[in-house]
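Structure provided below as C-alpha cells; questions to follow.
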Amino acid sequence: MKPFLAHPFDDDRLHEECGVFGVIGVSEAANFTALGLHALQHRGQEAGGIVSYDPELGFNSAHRFGYVRDNFTKQSLMETLPGMLAIGHVRYSTTGAKSPHIRDVQPFFGEFAMGGCAVAHNGNITNAEALRRELIERGSIFQSGSDSECIIHLMARSIQSNIPERMKDALRRVEGAFSVIAMTRTKLIGVRDPLGVRPLVIGKLGDGAFALSSETCGLDIIGAEFLREVEPGEMVVISKGRIESARPFAPRNARFCIFEHVYFSRPDSIIGGRSVYETRRQIGVELAREAPVEADLVCPVPDSGTPAAIGYAQESGIPYGMGIIRNQYVGRTFIEPTEQIRNMGVRLKLNVNRSLIAGKRVVLVDDSVVRGTTSLKIKDMVLDAGAREVHFRIASPPTAWPCFYGVDTPHRDKLLAARMTPEEMRDWMGVDSLAFVSLDGLYRAAGEAGGRKNSCPQYCDACFSGDYPVAPYDQVERGFEMKEGSETAPGFAAE
Amino acid sequence: MKPFLAHPFDDDRLHEECGVFGVIGVSEAANFTALGLHALQHRGQEAGGIVSYDPELGFNSAHRFGYVRDNFTKQSLMETLPGMLAIGHVRYSTTGAKSPHIRDVQPFFGEFAMGGCAVAHNGNITNAEALRRELIERGSIFQSGSDSECIIHLMARSIQSNIPERMKDALRRVEGAFSVIAMTRTKLIGVRDPLGVRPLVIGKLGDGAFALSSETCGLDIIGAEFLREVEPGEMVVISKGRIESARPFAPRNARFCIFEHVYFSRPDSIIGGRSVYETRRQIGVELAREAPVEADLVCPVPDSGTPAAIGYAQESGIPYGMGIIRNQYVGRTFIEPTEQIRNMGVRLKLNVNRSLIAGKRVVLVDDSVVRGTTSLKIKDMVLDAGAREVHFRIASPPTAWPCFYGVDTPHRDKLLAARMTPEEMRDWMGVDSLAFVSLDGLYRAAGEAGGRKNSCPQYCDACFSGDYPVAPYDQVERGFEMKEGSETAPGFAAE
Amino acid sequence: MKPFLAHPFDDDRLHEECGVFGVIGVSEAANFTALGLHALQHRGQEAGGIVSYDPELGFNSAHRFGYVRDNFTKQSLMETLPGMLAIGHVRYSTTGAKSPHIRDVQPFFGEFAMGGCAVAHNGNITNAEALRRELIERGSIFQSGSDSECIIHLMARSIQSNIPERMKDALRRVEGAFSVIAMTRTKLIGVRDPLGVRPLVIGKLGDGAFALSSETCGLDIIGAEFLREVEPGEMVVISKGRIESARPFAPRNARFCIFEHVYFSRPDSIIGGRSVYETRRQIGVELAREAPVEADLVCPVPDSGTPAAIGYAQESGIPYGMGIIRNQYVGRTFIEPTEQIRNMGVRLKLNVNRSLIAGKRVVLVDDSVVRGTTSLKIKDMVLDAGAREVHFRIASPPTAWPCFYGVDTPHRDKLLAARMTPEEMRDWMGVDSLAFVSLDGLYRAAGEAGGRKNSCPQYCDACFSGDYPVAPYDQVERGFEMKEGSETAPGFAAE
Amino acid sequence: MKPFLAHPFDDDRLHEECGVFGVIGVSEAANFTALGLHALQHRGQEAGGIVSYDPELGFNSAHRFGYVRDNFTKQSLMETLPGMLAIGHVRYSTTGAKSPHIRDVQPFFGEFAMGGCAVAHNGNITNAEALRRELIERGSIFQSGSDSECIIHLMARSIQSNIPERMKDALRRVEGAFSVIAMTRTKLIGVRDPLGVRPLVIGKLGDGAFALSSETCGLDIIGAEFLREVEPGEMVVISKGRIESARPFAPRNARFCIFEHVYFSRPDSIIGGRSVYETRRQIGVELAREAPVEADLVCPVPDSGTPAAIGYAQESGIPYGMGIIRNQYVGRTFIEPTEQIRNMGVRLKLNVNRSLIAGKRVVLVDDSVVRGTTSLKIKDMVLDAGAREVHFRIASPPTAWPCFYGVDTPHRDKLLAARMTPEEMRDWMGVDSLAFVSLDGLYRAAGEAGGRKNSCPQYCDACFSGDYPVAPYDQVERGFEMKEGSETAPGFAAE
C-alpha cells in the first residue's frame, strides 16, 4: 500500500526538497552513501535511493520510500549494492505530484552508448516543463514526473562522446537551481548552478577516496575531512584519486539561498565558512536588539527555534527555558490515519511545560512563519498553560513569496505574510507582540556586516523580497505574477 | 521477520520498561488510549497493545511491535477496537527474553466466570518466578515469558466473586513494584504498590469520563485535566462516572523511584507536585554549586542532559550552547543491520558542532553514566573537534546497583560505577574533570530541602545506594548478592 | 491486515477442518513436518503451525496464516525450529470464529511442572463449551476460541505425574471426534477417539525414526513406510525408537467417517486398507448401475468428481471427457476483494470446454451437493455452452444433516437436501435428471459388500442419515434438534 | 525482499512467456482485465501489470510480482485503476534476466506529444539487441531489460502524427514473434506478426464493448462472445464501438506455434477453429496408433498429459486411471527455500496412487520431454509403487531445438532430444518403452489430415524440426548454430 502522507504539523514549514551524497574510492561505497544520506535526512524524508557500480557486477540500484535508516541499513539490501563508487539521494516530494511513485525517486539512471550514468539533483529546474515538451517531441520517453529527469534525457541526446561533456551540454540547457551529483563507471561528478543556490561540498576520505555531500554534516558522519565547497558554476570530476575542475557556465554573481542558514541546513554544518548554528544564534542576538521586550522567559519553538532563542536570551539577559517539549517519537508519515489523528496537529508533537510557563511573560522564538497555523496553536497552548503574556520573535523576515528553486512552498495566497502586515499578523495571532528579524539583520547575522546590498544582493532571498535571481520560466508561463518592476531575467543559457 | 533489535547508542542508558494508559466514558476510547500511549512512548518503544470493550462487540485487542504512531494511528486497525472503555501498554522489553514474542506484549486478557478482564503492568514483580512455579504446579498455563502474567493467573484462581476483589487477592501475593491498570466490561481500575515506586495519575475528561496514565503528559495530549496521583498502596475503581478508592495493602512509607526525576519521565510531566523539568534544571544548579569549573561553554548531551545543562549554565554564568547536535531521524530498531551500522554507535545519532566547540573549555552535562561507553565516545568526538578541555558533569550519583523494579539495567559488573571510583572513571574516560551530583544534592533538587533521610529515605534510590526497599526474591534465589548489612526485607504479603 | 476470507466457490463444499503430522528421531524434524503438512494441505488451508524441540534450545514454535508452502519452506523460519522432534497442524477455521486469530492456530503449548507439551487436534470436541465453562470456573485462562484448547487445560490440571497419563485423564473427559498428536521433550504421542472418526496413521522412517500423519499421503512425501493405523481408542507413545500402545478408553464399535472416502481424504491415501481413489471410482460404478442414463459424455466436476466419473464412464460405456476445465491458479483466500470478484463465484475457477460439450447429452459427476448453488451455476454454464441434456450424478447420498465431528458444515437449513426431496432438487436445479448414490451403494463401494448394517452401521454417516454416534452435547444444549427417535447417547466418559 | 524463484519441478517444461488482455467500452475495465489475465495465468505466473485510462484521472498503472488473484482482486488496488479502457499483461520472466525487476513488468507506457500510449507484448523480438543498440545511440533511455521495450521507443521516435501509424512504423522494424496489445486515450489496438506465431483473439461484450485476449478462455471468464482471431499480419484498432482493420506488413504464410496446441494454451481455448482439448485428445489417439503397447492402465502425468491419455485409452481400449496424483497446493515461487525443499523436486507436486499402480503394466502419457529429469523421477516413483512395466508415451515429437519466439527454453545442450536418439533416451530413463508422436501425427491431430507439408509447413515447429521461420538475428550474432542447410532468412522488414 502506498503511504498516505499526512503532515499534521509540518505543513506550516518550508521544506527543502532534496539532499545528495556520493563517494568514490572506498569499499562498500553504498554503505558510506547510506550514512551520508542519513545525516542529510532533514533535507528529505519521503524517499531515498542509491546507485552503486562494481566492475564485475555493473550498476545496481535501490529506491525506497521511508527513512534511510529503515531501508539502507539492512544487510540484505546493502549486499545488492556492491562497489567502490556510489551516489544517493533523499527527497521530500516531487514538484506537483499528488501521490508518490517509486519511479520518481532519484538517482535516475541512463544507459548511454559509452556506458551507464546515474544522476541525482538537489534544486529545481525552472524551465523543466518546456524542456520536457521539447524532449518528448523528439522521442524521449519520460519515466517519472520529476523535473530532474530532463537532465538525463538531455545527456542521452548530446552528441558529445564522454559523459562529463554530455553533462555540460545538458546543464547549459537547464535553468534554475541545481546541485547535481552524477556517476559513471569510473567517475564521481559534482556540479553547482552559476548562482550556487543549493550547497554542495567536497570531502576527503584519505588515500584517493573522496565524497560529495549537500552539507558538511554528511562528511562528519563518515569521518571525511571537509576540503572545500564546489563553487557556484563549477563542475568537479573525481577519478583515480584526482579532482578536476571545470567552469561550464558563463560567470554570474553567486546568490546562495539564505533560508539554508535560517532553517534548511543542519546547525552543525558549515556553509560559506560559517557555522549555521552560529548564524542562527546571531539572528537571535539581532532580534533581541531590533525587537526587545520585557519578559520572564525565552522559549524556543523546538527544535528549529532553539539556537535563535539561545541568542535572544543571551543578548537580552532574560532566562532561557524549555517551555515547550517535543515528543521524540513523531515521524512524518501516517498510513491511513484516523480522523482523530488528522485533527490532532501540533499536539502530537509538542506539549507545554506548564509549571515553567504558568504566570510568566514568555518570549517564543521560532524560525519562520509560513501559514501561521502552527503559531496560532502554540500561542493557544501557551496561554492555556497560564502564560501572562506571549511575545513571538521570528528568526527570519516575513515569508511573502514562494520559492521556485527546490523548496516546497505553499501557493502565495496561503502565505500569511503575503496577505497581512506584521501588525495584522499580530492581531490575527492574538499575541502581545510579534516581531520578525529585518532583512538587514538577517544578512548581518549571516556575516554581511553591512547588511543587504540591495543593488546586488549577496544571497537569494526571493522568499522574503520577491527578487527572483532567475525568472521562473514555467511558472510565469502558467500565470505567476512577479513583483512589479521585476525584470523577467533570462535564463543562463540565453546569455 | 522478527525485528533484530540493535541499540547502537542506547545500551548505555537505563530504560524504563513500560507505560500504561486507560480511559473510560468516551467514544473511541481506543483512539484516546493510542494518543496517551504515544505521549508515553519514551517509557517503552519496542511494542504496544490496546484492549477495548464494546457492549455489542465485546472485548477486542491488538498487539504490535513498533511505535504507537506506526500502528495505532491507522483507521483500519482502530476500527477493530470499538467502545468507550480501553486500556493500553507500551513496553521496552521482557525481563530475560532473548527475542521478542508478540505474546509477551501486554495488556494480558483473561476470561473469568464473571466476564473478561484485561491487565497492563508497569514495574517488575520480584517474586514472579516463585509465583509462576506455584501456578504451573496447580494447572495454570502461561502464554508469555512476562512476569506480569502472574497477576492475571492469580486473579483467575481467586475465589472472590468480582474482579476488583480478585485483583486485590492477586496483588497481595505479588512483591516488587507495580502500577497496574485493568479493565472489566464496566470498570477501569488502577493500582499502585504500597511503595509507589512507579507513577500513575488520574485525569478527568469532563462529564464522567476519566483517564489513568503513567504520567501527566499522557493526560495533556488528550486534553484531560490532571486530578491527582493514584496514591501508593491505593486501588481506584472507576465506573459510572465515579471513582472509588480502596487500600488493599498494609501501609508502608512511600519510596518513589528517584530515577523517574533524573531520566525516565518526560520533562513536561508533574510528579509529586513537582515539574520534572524544574527538578532536572535544579540538579544542574546543585551540580554547579557542588562541582564548579572554569570553562567557556556548557553543553548538554542531547536530549536528556539539556535541562540540567541549562541549570548549570544559569548558576555558573558560563554560556550555554548546543555543542552536540542530535540527528532527529534515529530510531531504536534496526532490522538485520550491516556490520558498518552496528559499529557506528553514537555517530549515527550525535555530531559535534565543530565551530562552537573548537578551542573552548567545555562542560558536558549528561544525565547519568551507566557503562561509560557513550561518554568515552562523546569525549573523543569533542576533543577531535578541537575542544581545549572537557569536563563531564553528571546529573545523578554514580549508578552502581541494578534496578529490579521495572528498569532494564545491565548486570552489575557492567556498571562502570560498580567497578571504579569517580577518580578512576575520570582517568578511564580521559577527561579533565568528572563530577556526579551528590545523593543529597539530588534529593534537594527533587524538593527535599534537607537532603536524604538516611534512616528512612524518601525515595527508592537503590540504583545509587544499593538500598533495596523490597528484597528482590527471585534475584536473591539466583545468587544476587545484596549490599553488606542489607536486611533481606520480606515482601508485602508476608507482613 | 488480517486476510478477509472469501470462499467464492468453496462455500458449497463441506470442509475437513484439520490435518495433523508429527515426526521423531530425524534431524530437521520441523522440515519433515512441513512436508507432511504440505501433503495434508487439502485438510486445512487457512493456517498452520509447527512446534519443535531441541535439548539445547528447548521448545520453539511458529504459527502462520496461509499455505504451508508459503511459510514453512523458508530457511529463515525453519532455522528457528531446530530439533529431532516436531509436530504440526493445518486448519480450515475455528468453530464459531468470525475472524481468524493467530492465537487460534494449533499446536497449543503448555508448560507443566514436569516439562512442556504441545498438542494438535483433528476433529471436534462436542462437549467443549461445557468443559470450558468448568475450567474457567476453576481458574484456567483460555487463549483461543478453539474447542481443542480444552485438552491442554485438562492436562494441566491432571494430578498424574507424567504427560501421557495426563493426556489419558484429559481425553477421558472429552467427547466427540479426535485424532490428537502431542509431543513432550522426548515423546511423540498419537491418540484416536474410541469411534475412530478421524484418521491417523503411523509411518516408519528407518532406524528408530517414526512419523504420525492424518493420512498416508503425508508419509509418502517424506519417504516413510506406512506401518499401520493408530486404532480407534488407541494411544501410541513413541520414544527411543519404540512404539508403546495403550487403550485408555472403554471399547466401542468403530465408526470411521465415510465422508473421508467421499471427499476429504486425498485419493492417493489408503484408509482402512482401501485406496480412497478406488473407493471413489467404485462409487461411480455403483452410480452407473443404480442410475443409468443414455448420454454422449461423462464429465467430472473437477477435481473431486473425477474418480467417480471415471468409474461411471467405465461401467456405462459412455465416453469420458473433460467438459469442465479448472483454473489451476485459484486459491482460497482473497484480501479485500472487489465487488466483481465476490460475484464471480465459480467462474473464477471453472470454465466449460465448449466444443466438447456442444450438442451433447452430458452426465456431470460431482462428489456431493451441499447448498446446491454450485451445481446450479455449473448447469447454467454447461447449457450455455450448448449441451443438449444435463444429467447430474452425485457420488454421495443427499447431505441432509450437519457434521459435529470436525467438519465445517452450513446450518441445517442451508443444506439443500434438508429442505427438498431429490425430485424437488432436480426441478430446482433445472436438470434433466439427478441421482445420488444410495447409502448402501456407498457402503458397497467402500468395501462393505453387504451394504450398511442399519442396526450397527460400520461408518459414521450422520451427515446423510442423521444418526449421530455421539450426542453433540453443546449443540443439543443450544437447541439443535436431533432426528426423531434418536437416543441422546451419552458421551464416552459417562460410560 | 525480492522473491527467489525456485522452480523445483517446472524447469523440465517449456514455458510460454506471456499473456495479454485488453478491454474497451465497459465500466471498471481494469477489473475485466484482471479477470482476463487470471484466465491467462498459465501463460505467465511471475508478475502482471495493468494500465487503465479515465478521461478525468488520466492513465494509471500497477505492476506486481505474483499471481493476478493475489494482487489485482483487491479493492484498494483496483480503485486506483479507473476507466473504461484497460490493458494488461502476465509474464513468466524476462529474456536473459537473472533476477526479476518490477520495471521489467509490462505494459510499458510512453507519453508522446499526442498523448500517452501503453503497450503489452507476447512473443519475442529476435532483433531486439540490435534495435536497442541503435536506439541508445540516438538518445533513448531504456528502463528495463525487456526486449519488448524497443517497441515503445521506436514509436516515440516515429514522425507519424497518430499512435496507430507510429505503431506500424515501429513494428515494421521489429523481427520475430509478436502479439501486441496497446491502448491510447481512446483506442484499443491489437497486432499479430505476419507469421502469426502467438495467438490473439477478439471478443464482443455487447453494445460497443470489445476485448482482446491471448486465448478464448480469457473471453469466456468475462462472458464475452468470441468474434474471431486477429489474423497474422493484421492490426485492429477498436474505438467508438468499431473495429478497423489494417495490414501493415508484407504478406507471408502463417506459421502458428504448434506447441500452443501441445502444451501452452488452455485446453478449453479454441485456436484456429479447433478445440485445444480435442487436438490433445487426438494426439493420444495418434500415439495409440503409432505406438501401441500391451498394458493394464493408461495414466496421465498430471495435469498436462491428461487429454492425450484419455485419447490413448479410448483408442487402445486400455483402462484409464489416475495413477499419479497432483498436490493442488503447489505454487511456483519459493522465497529463500530450505535445502530440503530445493531437493524435493517433483515429490512436492506429485504422488503415486500405489494401490492402483501396483502390479500393473502402466502407460504414462506426458506432453513433452525437455530435460528428461522429471520423467526419470516419475518412472522411479511408479516403479517404487510396484508397477510391473512402465511405458512412456509423449504427446509431442522430441524437443531438440530452442525456441526464440517467446518461450523459455533451456540451452540446446540441456535438451535431452538434442543429445540422444529416442532409443538412447529410453535406456537412459530405464523404461520398458518410450515413444513420441511423429511430426506428421501431430499435424494430423491438429487438423492437417495430410500431415506436415515439408516444403511449406503449416505451423512453426522449430522446437522439433530446427526449421526457424525467422532467423533469430541476435542469437545468430551471439553464435547460435542453426541446423545445417538452414537459410538465414531475412527479417520481415528486409523484404
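Going in written order, the chains are labelled A, B, C and D, and every chain counts its residues from 1.
Rule of thumb we're sticking to: a contact is a pair of C-beta atoms (placed from the backbone, for glycine too) under 8 Å apart; a residue touches a chain by one contact, two chains touch by 3 or more.
These figures come from a predicted structure and were not determined experimentally.
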For this session: Using the touch definition up top, find the fewest steps from chain A to chain C.
Result: 2
For this session: If we define chain centres by averaging CA atoms, which chain lands farthest from chain A? Would you check?
Result: C
Seminar exercise, completed: chain A to chain B, mean C-alpha position gap in Å, rounds to 37
Problem set entry | Rounded Å distance, chain B centre to chain C centre (Cα mean) | 50
Exercise. Just how far, in Å, is the C-alpha centre of chain D from the one of chain B?
Worked result: 62
For this session: Please list all residues of chain D that touch 2 or more other chains.
Result: 76
Problem set entry | Overall pattern in which the protein chains touch one another (line/ring/star/complete/other) | ring
Exercise. What residues of chain C sit close enough to touch chain B in their complex?
Worked result: 1, 76, 103, 110-113, 133, 136-143, 152-153, 156-158
Problem set entry | chain B - residues contacting chain A, complex | 28, 31, 35, 38-39, 41-42, 45, 67-70, 73-76, 78, 217, 220-221, 266-268, 270, 274-275, 277-278, 281, 303, 306-307, 310, 314, 319-322, 325, 327-331, 334-341, 344, 347-348, 351-356
